[in-house]
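Order as written gives the chain letters A, B and C; numbering starts at 1 within each chain.
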Amino acid sequence: MRRTIPLALTFIIGLYPIFAFFVPHARITYANDWLDEALVIVAAFALPLGTVNVIMTNTSKLKKKAKGWPYSIVLLCGLAIMAFYGLIGGTGVHPSFQWMFVNMVSPLQATMFALLSFYVASAAYRAFRARNIEATILLIAAIIVMLGRIPFGDMVTGGRMTPLSEWIMSIPNAAAQRGIIIGAALGAASMSIRIILGIERTYLGTGKD
Amino acid sequence: MKRPLLFVLAAVSLFLASQILSPPVFAQEIQGLRVHDTPGDGGESVTLEWEGGPSAFVTIMRSESRGGPFEEVGSTFGADGLYQDYVEAGIAYYYQISYQLGDEGYLTAQVGPAVARSNWFRSYRVNALILACLMFGLVIFYINAAKRGKDLYIRRIAGISAIDEAVGRATEMGKKIMYIPGIMSISDIQTIASLSILSHVAKQTAIYGADIEVPNKDPLTYTAARETVKQAYMEAGRPDQFREDMVTYITYDQFAYAAAVSGKMVRERPATNFLIGYFFAESLILAETGQSTGAIQIAGTAAPTQLPFFVTTCDYTLMGEELYAASAYLSREPILLGSIKAQDIAKAIIIITVAVGLVEYFFGSSVIKDFLVSR
Amino acid sequence: MDAKKLLYVDRRVIYLLVAIGALIPIIRPIGLPTVPTEPVWNLFNRIEELGPDDAVIISFDYGPSSEPELNPMAQAILRHCFQRRVKVLVMALFPLGGVNMAIGQLDRIASEFDGLEYGVDYVNLGYKDGAQAAMKRMDISIEALFPSDVNGDPVADMPVMAGARNYDDVSIVISLATGIIGEYWVNLVNAQFGVPVAVGCTAVSAPKYYAYLRAGQMMSLLGGLKGGSEYEKLLVDKYDFARELYETPEVKVSSAMAGMDVQSIVHLIIIVFIIFGNAMYFLMKKQEKEG
């Protein structure tokens, strides 16, 4: 029963959207729309689950005075304050919540994103080596695209770098992206069929009967 | 000789008479207005079609009773010859079109009634239906073939073959394994594929006695990952070694999660990192941080934009469909291998279709191209 | 010279040089020229054809982490639409999408133009969950999906919605996207409903969108800060108000054109390091052979 019910549900609910993709009848799409909404609601209810885990883990750290316990205080205070102002704001946005978001959350997120520029530099330095022919082609293409994305490229080559860069992005790159997308889509379709038919069960936490 | 000549003369005369006697058809006048239920929809609309029409906007007018009163419901470019009006299903509607030609106003005759009804099939998706049936059919065929004992070959996937080596390395070094199952929810197929690999990795860590940590960004994935690891330890016969803090939920925020996991990598210096699932911009932050700590890294994703970052920073990368093939590769179960074979055949059919379509297009025909376009 | 030692230079040296390279153009702007490309021209020319009877949807499908990269193009497109008096429907299908931009700055940008009124010329419809489901519903009615705006006021009474009932009334959908939502707009809204879609995305996402651009499923693509700078350049070349506005310090410093100076220097540093790395690699090989 523990496995049968989830598998049966997976089969029915997995096939239904496929069926609704081809059948536009109002009775069918109504149920499909309901399923879409249900997924959103289930996901929203899962959020408290994760929040409870965060609170329990950090409270436990505090009690045991485990390594890094002062940071748990910071985390729990931040969680409480943001949740408080978010809730009293209702369906709108409380000014304090907005202030904290704009002046604390937003710059922190932007800072983390900005780290990528440093990591890209070190990864590029390590990865772009002309070890063989394919690596050399990759290296040359990368330099052309990098130069094509900045004004220097056109200044040095008399306006040729941007069209060349655009050609690399539009033709070889687009072709490769399409190949990967098609392959990944087929893989996803195959995996989805396995899940719907109950052949693939590892997501249930069980590998075998 | 005379009779055929007379016949030809009569035909020509009749033709000339028809041209003189029938009203002159100006190309801009709307002709042949008709309305019908829009095919292949859920009863949301009716469609007006006509020939001709001015090179200007025309006004669509609608009434629920023959004879009016008509109200304006929309406008469209006259030369388009087509207008889709969103209406209530089951109610009969009548239509007219008013338009200007120069200084003169025109009003077409009423057409109708048209009733929007729910249809049972989207005929414009028959191409997708064929492909879906083909895919299902191939999977079932090859699963049955596998069940009958047919040997199905699957090539070596370096990243998956390296899993055991990576777990062994962590055990020897006495350090933990960090498994990051992507940042998307369990509803994403890549996350499910990642959990199937997690099951195998967790089983190996249980057998070898290594430590594993699975930090999660999504709460649903967290609950599924916890059950997966717990079950893996039970199947390995080591349920006592499972700890609740092996699988944790960090935060729902993408970059806060990346910061937390990066911090863990730098402080705890795991021997092996698995980055398998759907990643976005945080992929490079995680992979590069892991690379800087000297960990062996095995990544896997079907997100084309993140593959380059993983390839440059990780020791092994599962690309696209290799990620989805992992569960079949690890278990070697014939049924799972059968589905991989079906996927390969489907890809071969698509390649041949594209190639034939390309050749056909070069010769000026676009039958295959038009058939493959879908809505 | 020990090539191996130079080859495996500490990554912190790279980080330091990148940081210096990023700081210098901020302290002392260079003002490098920008040449617009065809994908950006497509969107600009299309908006140039629009007027007060047309409506566009601008969907803020990015979060705070992508704001530095996408805010400049968002502002430039909004300014262009407001200049043409096109009706603008702002929404977000990405969690936290446009919380800063859409809520905080929309009114400020509209105030740069005389006679624009909220609810008449533009509206902020706020965030809606369930991206694909939300996109499907807008084919029937935008108002049904967004019965009230971001402030909770009913949109039924707003004149701007009278000319934007569903996709039939929308001239373009412009999705400023990070992640997968831009693809949803293309695969669903353009493919199924035929609405022209333009995407402004982060530079890292741009490669995947070229496939859709080449297939004609997208009418325009603005990739990263460069795409934003190209759009600003087109705006500045066409309109005097834009030329004056982008000369003011507070707008100039946060513009994409200023950001391109930083991007240019950092790209050059990376290229120099790549060339240096390859030179050391071949030198190391030579030294190993000789040794």
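Quick note on the criterion: a residue touches a chain if its C-beta (ideal position, glycine included) is under 8 Å from a C-beta of that chain, and two chains touch if they have at least 3 such contacts.
Owing to the predicted nature of the structure, the values given are computational and were not obtained by experimental measurement.
Chain centres here are C-alpha means, and the one lying farthest from chain B is C. Two chain pairs, A-C and B-C, are compared here, and A-C has more C-beta pairs in contact (counted per touch definition above). For the pair chain A and chain B, the distance between C-alpha centroids works out to 16 Å. The distance from the centre of chain A to the centre of chain C, with each centre set as the mean of the Cα atoms, comes to 19 Å. A straight line joining the Cα centres of chain B and chain C is 24 Å long.
Shared interface positions of chain C, i.e. residues touching 2 or more other chains, are given as 11, 63, 65-66, 204, 207-208.
In chain B, the residues that touch at least two other chains are 254-255, 281, 304. Counting partners per residue, chain A has 39, 105, 109, 112-113, 116, 120, 122, 124, 126, 177, 181 as the residues that reach two or more other chains.
Chain C contributes residues 11, 63, 65-66, 140-141, 166, 168, 178-179, 191-193, 202, 204-205, 207-208 to its touches with chain B in the complex.
Those residues of chain B that touch chain C in the shared complex are 44, 74, 84, 86, 254-255, 280-281, 292, 304-305, 374-375. Against chain A, in their complex, chain C makes its touches with residues 11, 14-15, 18-19, 22, 32-35, 37-38, 63-68, 99-100, 103-104, 129-130, 132-133, 151-152, 203-204, 206-208, 210-211, 213-214, 224, 226, 260, 263-264, 266-271, 273-274, 277-278, 281-282.
The residues of chain B lying in touch with chain A in their complex are 40-43, 89, 118-122, 125, 128-129, 132, 135-136, 139, 143, 185-187, 189-190, 192-193, 195-196, 199, 203, 216, 218-220, 222-224, 227-228, 230-232, 235, 245, 248-256, 258-259, 281-282, 284-285, 288, 302, 304, 307, 309, 311-313, 319-325, 327, 331, 335-336, 339-340, 342-343, 346-347, 350.
Across the complex, chain A meets chain B through its residues 18, 21-29, 39, 42-43, 46-51, 53-54, 57, 105, 108-109, 112-113, 115-116, 119-120, 122-124, 126-127, 177, 180-184, 186-195, 197, 199-200, 202-208.
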